[in-house]
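Handing you this structure, nothing more for now.
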Amino acid sequence: MPHYERILITGAAGRLGSELRKGLVPLAKTIRLAGREPFHDLAPHEEEAVFDLADMEATIAATKDCDAIVHFGGAPLECEWQTILDSSIRGSYHIYEGARKHGVKRVIYASSVHAIGYHEIEAHIGVDAPVRPDSLYGVSKNFVESLSRLYWDKFGIETACLRIFSSFPEPADRRMLWSYLSFADCVRLVEASLTAPRVGHTISFGISDNKLKMVDNSGADHLGFIPQDSAEPFRAAVEAKTPVPDPKKPSVKYLGGWFCELGHPDDKPAG
Amino acid sequence: MPHYERILITGAAGRLGSELRKGLVPLAKTIRLAGREPFHDLAPHEEEAVFDLADMEATIAATKDCDAIVHFGGAPLECEWQTILDSSIRGSYHIYEGARKHGVKRVIYASSVHAIGYHEIEAHIGVDAPVRPDSLYGVSKNFVESLSRLYWDKFGIETACLRIFSSFPEPADRRMLWSYLSFADCVRLVEASLTAPRVGHTISFGISDNKLKMVDNSGADHLGFIPQDSAEPFRAAVEAKTPVPDPKKPSVKYLGGWFCELGHPDDKPAG
Amino acid sequence: MPHYERILITGAAGRLGSELRKGLVPLAKTIRLAGREPFHDLAPHEEEAVFDLADMEATIAATKDCDAIVHFGGAPLECEWQTILDSSIRGSYHIYEGARKHGVKRVIYASSVHAIGYHEIEAHIGVDAPVRPDSLYGVSKNFVESLSRLYWDKFGIETACLRIFSSFPEPADRRMLWSYLSFADCVRLVEASLTAPRVGHTISFGISDNKLKMVDNSGADHLGFIPQDSAEPFRAAVEAKTPVPDPKKPSVKYLGGWFCELGHPDDKPAG
Amino acid sequence: MPHYERILITGAAGRLGSELRKGLVPLAKTIRLAGREPFHDLAPHEEEAVFDLADMEATIAATKDCDAIVHFGGAPLECEWQTILDSSIRGSYHIYEGARKHGVKRVIYASSVHAIGYHEIEAHIGVDAPVRPDSLYGVSKNFVESLSRLYWDKFGIETACLRIFSSFPEPADRRMLWSYLSFADCVRLVEASLTAPRVGHTISFGISDNKLKMVDNSGADHLGFIPQDSAEPFRAAVEAKTPVPDPKKPSVKYLGGWFCELGHPDDKPAG
Amino acid sequence: MPHYERILITGAAGRLGSELRKGLVPLAKTIRLAGREPFHDLAPHEEEAVFDLADMEATIAATKDCDAIVHFGGAPLECEWQTILDSSIRGSYHIYEGARKHGVKRVIYASSVHAIGYHEIEAHIGVDAPVRPDSLYGVSKNFVESLSRLYWDKFGIETACLRIFSSFPEPADRRMLWSYLSFADCVRLVEASLTAPRVGHTISFGISDNKLKMVDNSGADHLGFIPQDSAEPFRAAVEAKTPVPDPKKPSVKYLGGWFCELGHPDDKPAG
Amino acid sequence: MPHYERILITGAAGRLGSELRKGLVPLAKTIRLAGREPFHDLAPHEEEAVFDLADMEATIAATKDCDAIVHFGGAPLECEWQTILDSSIRGSYHIYEGARKHGVKRVIYASSVHAIGYHEIEAHIGVDAPVRPDSLYGVSKNFVESLSRLYWDKFGIETACLRIFSSFPEPADRRMLWSYLSFADCVRLVEASLTAPRVGHTISFGISDNKLKMVDNSGADHLGFIPQDSAEPFRAAVEAKTPVPDPKKPSVKYLGGWFCELGHPDDKPAG
């Protein structure tokens, strides 16, 4: 018996959404895939919802009949303000209004290391450290973390905010030797968040069981997430192709990495 | 010699803006008053900027030639999402973009107790406690606190976020016996924030020297704010006209008071 | 208009009870004095309740029609187990059962420094430090602190546990230069606890505004207790008559003073 | 060579006492089993002591010639005050007096999660969090924790207070998915406490290596307890037979579970 | 009756030593002034000890018959290693050996803000923050803080380490608006340290009651030091003659001020 | 490809230095062995540097052309002041001057449990607890910890200070059941410190994965040190040959063990 009748996955066509689409199958009778483009390969247990998160009415409609929402949609990295505003800030508000109006009881939200990217590595912060975003992208993550806290305290909707570090097929640089989150561990983390008996409002770091540990995730131990993977098998290859960095560079000193060395996105021509 | 050439005050026609318009006179050669309506009583040291915060171009233009911004504009209490979004979220982004483009080095921002309104009174939180907004209004305060943190860490613009508790002519209910911030202390707090040698990114509670103390403001002691007023002289009158409340009610249990008992603003017909 | 209809004071014939009998007059229409012997000097606003705290039925009866209880009865210092058990442990249980059965909403309890007497002076403990009693007397204080916590969390009865340090007419030894609580400040502390808008379950240290500060009472700032007295005026006299003590003696090293050098009370013939 | 000459186990006929009777065999030459009824199956290495903990003289006598006491006797769950008082409060005092008079150097005490049952699950408390009992049973646990602290600080008797969570043959409900302590892990915990080189006064949580972790036991790492079991193998069966609970119910919100929803035991007819 | 028979003041001819020579008169029958040159103006209650701190035998001899040592000698600011080594490291070791051999029970040591100069201002550190020296001078302060901790724990000699911030006739720059310690407050601090009933090993910040507060001295409240002076009266003059500094400069960002911008002293020709 | 061109190991002839000489082979093309006597068994990848650490010029010269220094030289345990001063204090200053003058970017320093030996075992201190040396040896460790902090903050030279507990072939007494660091784990710790992507200034405890855990090393998790050994296999043998100690003895109560019961080394005839 799956835990849920119907889970909505936003950003279902994205890098992590695609993984979750496969990984969460055992947890729901039906998985509703949300994206801006139609999906052409729906399985029998799947259905689709095609809309733009900036569209309040459509977004709210897409949450109907769902027990849970896995909200991985919105801008996937730093970009200009208008996009952040529409997809990540307004879009997430629409998701929470959908949850409130349609009685969805639990949301799993893809927050990011960039919500606390300007903390120093040696600070070994826990999940309740004050926010220090490293980008507009990070600011939008803080916004949803705050919004979801309100929806728990006032409206009783549970949220697990997963601050995903570096979830890629494999570690691509030296920073990922500590920040790596394997796809399998990412799925495990979302699964744990969906099945934990009580989530309330939880902030958790999303990071594999890497040997080098920069943060303290014990404040989220009630989720029962136990990562199984590590960046170590990739270490030799990564070190061979990248030089030892200057330990005083912002991208080495702070959790956020190269986001801390980006300028303002509105100064660049929109992509 | 005043500290500043020109200070921009947003929300200058509001309850606290009006006090600041008078109180900050010694600190700048010129004070630029921002509001949605023209001011009809400009003094020689004053100039006006009439615009809507939702207008990015106009807002950025209004920050030109200013050394400091006292940002008290935006929605003054809980209201429907569209207003929060336009005036408090988008409007504040416009202010910070103005500061960045025009080289303003310090912003004083009117945050609020409602940014942390769902903390319990007995928790005696400090200024670095995790956010727990009690309203969309509070969520928008968290947004600006996060945004301004970014603008300090990445762009070097200092901000003091002043979490104002209850700034009214006098305490109106029993909660204000501990949450009261007199107008004079409010001006003192803004003045301290404008003249402190180094603000970096500071979050400070705004509260008078009331006998009952629910929060710990020591994390902002570097501002040099020393409140001079107290709610005690008003206590007898307040107690005479209001009953002893139930200690387990949300409005008594949490810092945010009656905001914690409000429903969702979008459920009400827009004002 | 006094805050209360009727306050019950237990231990009303004791050293501090006598002070409270006078000091709390403005707070209640009627003060009910509890003791083991009749009072022969009742004023018009006073009534008496003569009983032994070990008598459950009588104790519960004495709490009838009271809004508040100021519980200063029970063994006043270290003594043999049977007395501690009957007057402080069983007696206090009877008081709380009275409060529960008769709807009393707030209790002010005379706890003691001896509840945490084995903490080192330099530890500067706050009110939430783990218990470290220095005597059976201290253990009984911990018992009531625990019991009253239950009665708040489960039954909604508020309690302020006042850990009184050294409340005497004047400092009698060098330790009291930091542990002194003047009678007037003791009354102020009880008064603040009775009139604070929300007490919940609060533990507060009871100590005057002495120059030497060994503990951190900020966790009880919501009571609004502001001591007005100090041991300093007595310092010269105290130092003249007492030698400088060895800084490594238990009675100097620990908060509890000479209680830390007492043996077990049951080893002595009962008083 | 066993660590001890003779260990006294109180409550030796109880659910956990029976397990310890078997599990502690390697640690002592002789195990003295204490209970209110005779044991009819004594092994050669066993001896019995039949008495009521409320009987001071008999209890003290039973501690004679013991090196260690494993004190698991007294009321096993919430019950009326008189029973709590006699068996848990008075009885434990008798045990400690026995230890003091007969030179027993170490006591292992069965405290309980109910000593801190009113802490919220998400608080992730450590072993030194302030007490928040959820029952008279929990208050009696706090009493012994306090009493044993005194007997260490003043009389040099070591105690490990083991706050046992849910020690049953297998997890019986969803809460036990995180609170489960297998019988084998319970024995391991007592064994570790008996053999650790230095216990002083230690408070430890007693909980298996469950995937969901609600508390932080690192403050007791010097005991060397490493749980080997987990509730995970029972998860599917438990989830199949119990519905998902409301996350805002006291029995879900607080560590103490359903004890937090019990009324006062004296309101029920005595069992 | 003065507290002491004979106090030794090292560095008695220095800026602060001269103040203490006058200020400590009421505390001792005899004050022994230590310096490298003879004093030509000894008062009847004074005696001199002329020696170099690098001379172990002479230094030990100078501590004979003293009850207390006020150790303000050694290098007064950053200088080359050999001087730091001889006067501050070796010299201080000689002082503590003198105290140990001659039974001196209390030492007051002039440590410095430069022992923790690389902490950020906004960190609001307390007295137990990890060391972060900003100079070899600061390293030598850490050395004596460590050494004196050993002499307390192992040999029972009390020390108050006073981390003096900026003790000058008046604030000379904007940093001193928060770091100023008036001469009178410096004397008060030493006096409090000499008369506190128990010092054990205490680290205290030495700073006047300035409006801007960067550090938390509550960990030394048992000394009873209550500063009476403030930098505020000097603020207007200081601000008039110095520009507003860049908030990201090391000398503004860190507690140590301009010491944080010094190079290595051995790179300069010895003075 | 090894991480380093040339690593200098000081104390290379010592107990741990000999292990490192073997264990660090894969990390550098060349290993330079430093000692006071010539090495007679140099391998092709090794070279020697024979000098006394008290000789500044020779020490600085020995650091030339090195990328990293593993500084395990100096007095190996408590001894008289002059030796501590020359080999550990002056010698370490020379090493850091060498690193600064020759551009060495990372130093691994053999600090010791004796740097914090007077902390109580039950305090479970972390790596940022205030220093509490138990010997002159421990004071010298604090000196280098402070000095290296300065060289990181001011000169950008990274240091890992490894507080080695008890690194011997096997546990020799009951204390080592928790303090044991196997030789292999010691090598692993140094290796991790040499290869971690960013060390900055790190203090780490050096201790194997013993079952009994007295300290919290999580503040150094960014080094990626994961001990593989344990004292458990040696437990039975150790317990068989050593009696159970008195839990109130300093050597049992404090982290430093028997160092806490040593007198002053200068009171003994120099060895």
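By written order: A, B, C, D, E and F. Residues from 1 in each chain.
Following the convention adopted for this analysis, contacts are C-beta pairs under 8 Å (C-beta built on N, C-alpha and C of every residue); 3 or more make two chains touch, one makes a residue touch a chain.
Which protein is which chain? UniProt says A, B, C, D, E, F = NAD(P)-dependent oxidoreductase.
These numbers were taken from a predicted model, which means no experiment stands behind them.
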| item | value |
| --- | --- |
| Intersection of contact partners for chain B and chain F | A, E |
| Steps in the shortest chain-to-chain touch route ending at chain F and beginning at chain C | 2 |
| Interface numbering overlap (same over half, different under half) for chain C and chain D | same |
| Rigid-body rotation angle, chain C and chain B, from Cα fit (steps of 5°) | 120 |
| Separation of mean Cα positions, chain F and chain D [Å, integer] | 41 |
| Gap in Å, rounded to a whole number, between the CA centres of chain C and chain A | 52 |
| Distance between chain centroids, defined by C-alpha means - chain E, chain F (Å) | 31 |
| Junction residues of chain A, two or more chains touched | none |
| Chain contact topology (line, ring, star, complete or other) | other |
| Every chain pair meeting the contact rule | A-B, A-D, A-F, B-C, B-E, C-D, C-E, D-F, E-F |
| Residues of chain B defined as touching chain A within the complex | 81, 85, 89-90, 93, 97, 100, 118, 128, 130-136, 138-139, 142-143, 145-147, 149-150, 153-155, 260, 264, 266 |
| Complex contact set, residues of chain C against chain B | 1, 3, 156, 158, 196-200, 202, 218-219, 221-224, 226 |
| For the chain E and chain B complex, residues of the former touching the latter | 121-122, 124, 174-175, 177-178, 211-214, 216, 240, 244-245, 247-248, 252-253 |
